[in-house]
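Both complexes below contain subunit A, partnered by subunit B and then by subunit C.
After this line comes the complex of A and B, so read on.
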């Protein structure tokens, strides 16, 4: 549960070995040890492989209108209903830069510890494609808005995923650019439909240096980036809606040798597939090389159904984009408090310092706060942030109950989140809200019900019938037996019916006591407080 | 009446001596009578008459919109006009009806001007003769003047009228011919390497290339974005100033326009040229210069000197590289700008439907002429990764040197440069077409090109030009932010020479940063929906063709 990303609890391996047997979907690389470089070679007698993974992440900027035109940005709108003359590349139209997009990029750059370029430039990148109406994309090739940043992310490792390892990936640059439209192919009629609603939507391309070495690391880094973007509000970053798109550059080499030829894997639309695609590609390259083959510098697509990467008919790789400066956009000049000219219209400038002062708490800061404020484990803080809305739910429950947050976290993560995962629900969709969970935990905390009864109540709550925990407790008669005499009698009856066990305990085998407690529970239909039962039994046994 | 200058006819309209409708009708008849000039691609008779009627109503109510109200104007057919076909004289855009007006067109209409037609040009403004468009060459009105016919009479081989007619120069030849033949009082051209000044010189009208960034390019179908400037063609200098006053100023839709407020101005009637320093660039004295042009050039210099100006020789050493540099930069931007013409959203589309790629190729082969295709091909070659440094970067460096030449000359105390506009007067069509478009452009743009090169160099200002009777006056737009932005100098030499030379300068603080617009929920630009605009169908179909796998 504490894993920051889905995809299982594998250790990130720094070294790889060819996997025995044929490649299959979701190939799992074989581990060669914690200090793989040396150990691996010693164990197997073959030089180990080292994988190098770099990422290019395209994040759609969350803005009202497109980056260079006044058309609205909206994910669900009828085809071609959000297209301005500029978006359709009508001759004579010119781009005008959207301030919001610039601010989003500056915000993101600052959050990723980038240096923000006070002057950046726009370029045209040319290629012919039906959903690129102008025949070129406006991007920032020569001088992007932000450079030289850093993203730290954490992996959970160890048998129980309880060990936290913090890693860093350098951010090479963040560039502003336009999105393309969408092509919808109708193979049956061999027609292609073009929808330009997305054409011209602002993108931030975040280029990460090849500092990662496996799919899990890549997925964890992207997950952290996603959380940061969502916290900043600079992008909604929902992968399933294409607001966050990841291309992975993968290569393998032997330690001490220069990097191998890399391939680019595209068409990845979830974090899980990112991890799988990268691992598959690493494994494929190793296998290819060990079979005496070579790796081509090519673009491959991840087929999530087959779980493998396949070469795309490669126009991209060999294409010359014929970059040139965008003549219709003057250099983008940003200011800070020092360089801001006096008497300038605030609407005409972007002030870096102003944005810096207003940055919200980043996920890493929030996690530290959670651990300090509630005394929960660091891995729990990750889980709380990774699930959208879970942190808010947790804090609401803590506020509404007398229960110790350290206990609340168990209920939230093991019970609530566990159940949500099982049924593939989001926190928002959960039939159990913070209020009913708090009610339930209060019943438990006040000793009205046992924890096993609480679980039973929770089962009922999942049905979403609108009953309160208290109603369920009443209906199912789940209250603990509060009457000491009644319990006394039941315990007495159980002891009398099980003389053998009583003798054993008296002979010193204390473990058998648990059996007696269990028998009492059965007799009371689990409505007895086990601690109280234990006390009564112990008292009676010592008499 | 039609031969009057804009200002005179404006007065006549205000005084009721003529009505806008009457004026419009007279122009329309003259257009019909001079159809052989081929100056217009589209004559917008109906809308013109409707606009004239509106203007008439305003005059009757005493609510005239200004100097341009009711004045017939023409616009080069590479400016977008709502509801009026805009072809760029190319098969590619034949039948294309823009859904919006270029900013300059809108500004004219907002002043009550009557748009009488769209004028002929070289295809996509690539040329210096107005001979290379799909609608055929424009004929210079001077071909039919008494002087020229007499001159032809002396040369027997030019006697045949059909072969002796002169070209207008280009690429704004249609606009120049329209103004020159009195079918309108002002016309818009565009100037990338001399396309306004060259035909103005050949047709004997005033051609003004404003400083880059002073007038909006929004809606001008681009040739070279970093050099294109909407040009103004009129019959006298005052009129050019009037039209510039209407057109100039910041446009939020064009991030490269100057952001300083622009104050329209009138030219003073007399000005002392005694304090002026006139520069004569020695590099412009080149072998191809005709004796006639040289004579006019010296005479103009003499006139200034006699009026008390200081006339000195100056040097612009890098001007000679201007044309070759232009070829690289122009081709590169052309290749990029023309990439949008793929037949999908608008314009010509080939019937070829084997694949999307083959449709693109056929569309572009059928839509563009050889000149356009040649520039696209070489432009893409210059932009290839392995060639970029060698050609594009080098050309940009040379461009800076050329611009610096102007900076150096003007900062040495020279107020004005006086040069010829073209090597010689207009030549007959039969002579002109002996050379190919590229060679012709190289010769014809030689005096005009360098000024365009000085555009778009940030914080450097730009050079503005005024051309008339084949004499070009170049002024440096000095960077200054004084309150008196637009100092005016007016030289009236009309008594002696029959033309007026106008000089003025304005601070041109080119934007180092475009407008950054924060947009409200409601988009600031018009959003088209499938029902609102015919050009935008529910989906753009790429036809019976499927792109190769992504």
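After this line comes the complex of A and C, so read on.
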């Protein structure tokens, strides 16, 4: 992806080539040939491949109760305790739509620039599985709640991941549907246990068009979607808890030819695995086709331990879901300011315009604001939003300190975030809070301590012993020597003790000055401001 | 057979005009004397043949067992009967997929009102283990058509 493709370019200019032995050696498959035209010399003269990736993302709606019943939505609970008679599909029960789920879907649709269908319909999708007690799932196949949207996401490219490239993926539709229960397998004893706590929880399925071309793009797009959902509050989108599930549709073809047969990859439960699964599948398909084989239109599962995809036994052949309209649910009608009927209960109305007015700032908007307000670089604002809570911490520190935000950002990202990553902590778990950091940066800004001393203080603060930066500075005697005369004397002493070096400098070898500065630093235990020391030495040497 | 009985009822009901259904036995008052629409000449209904592949597909999907050729014939007759719907001209008319289409879809507030009935739910299940339902292992697909012994078993 060397040529920055901005905005409209849908098919990326990535050319894939088979990396000999990549899959068999167990090494991480990588997308080679990112620079179109630069092909590894060892490759045979095979035409380049282009990969096409489409995603189906299921996001669990953040609500108190389920979409069609009044049982609670909660991740951990005793098995089958959050199940109503409807969820267990006992006869005589009917679905009743949860208003909050409709609002969540409308918010998400508006945030992704979709057109909201004022009339949408519910259908039944039939298939047999133990965790689907009714034998069908209520979904929206014919006329979903939102269609034709767009998601912009950013990729960090370049040698140091510093160049930002904006890409787009079209959103085909967003639909409301039910989640299924959970099945736990004990293969040793051939037992399957079913927990229906999750059955009936509201889901938003976001279908993305196949505008992506590799694992990295897929992961970046899903990350951006995750941030948007979390900002809206329509879903907490925590992949580890199964609140965000991604199925990838992958196919390869030669540029200029029609799309190849696609496979669906399931069972991906983190962004990193998503990128790896997609890249593996692309490589597998390329290898298969180059060896003269064919690709089956099948469903494969990602085995994260082996880092490969394997066919799923249960899903052989094309499924016929026998879609039919859900007879128990009339069409869902949404209103806007113009079409709002006069005398209708507020509770029964979902007003699209009302929701639009109350949409919070999306991540992309926040990034631009940070750059404009604080003068930081785009990649910095990208990092600030990428870590939960980091933006708030940064803004708090800037508020409390006199240091220029452009310098503060360096400390927040390199030092604080660096430490957090090293100890695998989230921003919320940070032993150093915004006030402590602000105090420290103020000391640095006022010239009380040097930059390297500040780093030492941060290390001490990290221990979380409750001391303030000032206390640590005093304890460890890290203050810079402010007394001019004291500095002067030390410089003089160093010069007198190293006459040879002094001669060399006077003869014209300026580099030796650094050695003298170093010696002064050692003599002062690094409590001298190097710039000041240099000034003093230069003045003395010129005398 | 129910299919034949159904046929007779449908023909009786077909003397509607202005979208009013005949009220059966009472006849008379409800039947429009000047119908807008006439039943056309009764064409012989086309025979619908059901292929083995379709039967296999249906058995796999809906887990029904057609059992023998009589069952297949019954299926074919049922399809024939339903095909009569094609006689009605529906050009330019929006399909109705729910009789509730003019009703408002009631929206429920997001409150927790149900749940916590684990014991009652598990009562219905034949196999349970520590508050989980126990299900038979995986989805075992029906064997392929050639390998199945029970397909159309009782045919002679």
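Everything below uses one rule, namely that the second predicted complex is superposed on the first by the 503 of 543 C-alpha atoms of A that agree within 3 Å, B and C clash if a C-alpha of one lies under 4 Å from a C-alpha of the other, contacts with A are read in each partner's own complex, and residues count from 1 in each chain.
We take it that a residue touches a chain if its C-beta (ideal position, glycine included) is under 8 Å from a C-beta of that chain, and two chains touch if they have at least 3 such contacts.
Since this is a predicted model, take the numbers as computed values, not measurements.
K.L.:
Which term applies to subunit B and subunit C once both are placed on subunit A by superposition, clash or fit?
P.N.:
Once both complexes are aligned on subunit A, subunit B and subunit C clash.
K.L.:
Classify the contacts of A:121 with the two partner chains as first (subunit B alone), second (subunit C alone), both, or neither.
P.N.:
A:121 sits against subunit C, while subunit B stays out of touch.
K.L.:
Touch check for A:88: first (subunit B), second (subunit C), both, or neither?
P.N.:
both
K.L.:
For A:530, is the partner it touches subunit B (first), subunit C (second), both, or none of the two (neither)?
P.N.:
In the superposition, A:530 touches no partner, neither subunit B nor subunit C.
K.L.:
Contacts for A:196 in the overlay, against subunit B (first) and subunit C (second): which applies, first, second, both or neither?
P.N.:
Both partners, subunit B and subunit C.
K.L.:
Examine A:136 and indicate which partner it touches, taking first as subunit B and second as subunit C; both and neither are also allowed.
P.N.:
After superposition on chain A, A:136 lies in contact with subunit B alone.
K.L.:
Looking at the overlay, what does A:518 touch: subunit B (first), subunit C (second), both, or neither?
P.N.:
neither
K.L.:
Figure out whether A:78 sits in contact with subunit B (first) or subunit C (second), or with both, or with neither.
P.N.:
In the superposition, A:78 contacts both subunit B and subunit C.
K.L.:
Mind working out whether A:322 is in touch with subunit B, subunit C, both or neither, as first, second, both or neither?
P.N.:
It touches subunit B and subunit C both.
K.L.:
Name the contact category of A:312: first (subunit B only), second (subunit C only), both, or neither.
P.N.:
first
K.L.:
Under the contact definition given at the top, report the residues of subunit A touching subunit B in one complex and subunit C in the other.
P.N.:
63-65, 69-72, 78-86, 88, 90, 96-100, 102, 126, 128-130, 183-185, 190-196, 313, 320, 322, 327-333, 347-348, 350
K.L.:
Residues of subunit B touching subunit A in their complex?
P.N.:
Contacts found on subunit B: 79-80, 88, 93, 96, 98-100, 102, 217-222, 224-226, 252-256, 332-333, 335-336, 338-342, 344-346, 356-357, 360, 380, 383-385, 388, 392, 456, 458, 510-521, 523-530, 535-550.
K.L.:
Looking at the complex, which residues from subunit A come into contact with subunit B?
P.N.:
Subunit A residues touching subunit B: 63-65, 69-72, 78-86, 88-100, 102, 124, 126, 128-130, 133-136, 183-185, 187, 189-196, 301, 312-313, 315, 320, 322-324, 327-333, 347-350.
K.L.:
Under the touch definition given earlier, write down the residues of subunit C that touch subunit A in their complex.
P.N.:
57, 61-63, 97-98, 100-118, 121-122, 124, 129-139, 141
K.L.:
Can you list the residues on subunit A that touch subunit C in the complex?
P.N.:
Within the complex, subunit A touches subunit C at residues 63-65, 69-72, 78-86, 88, 90, 96-102, 121, 126, 128-130, 183-185, 190-196, 313-314, 316, 320, 322, 325-333, 347-348, 350.
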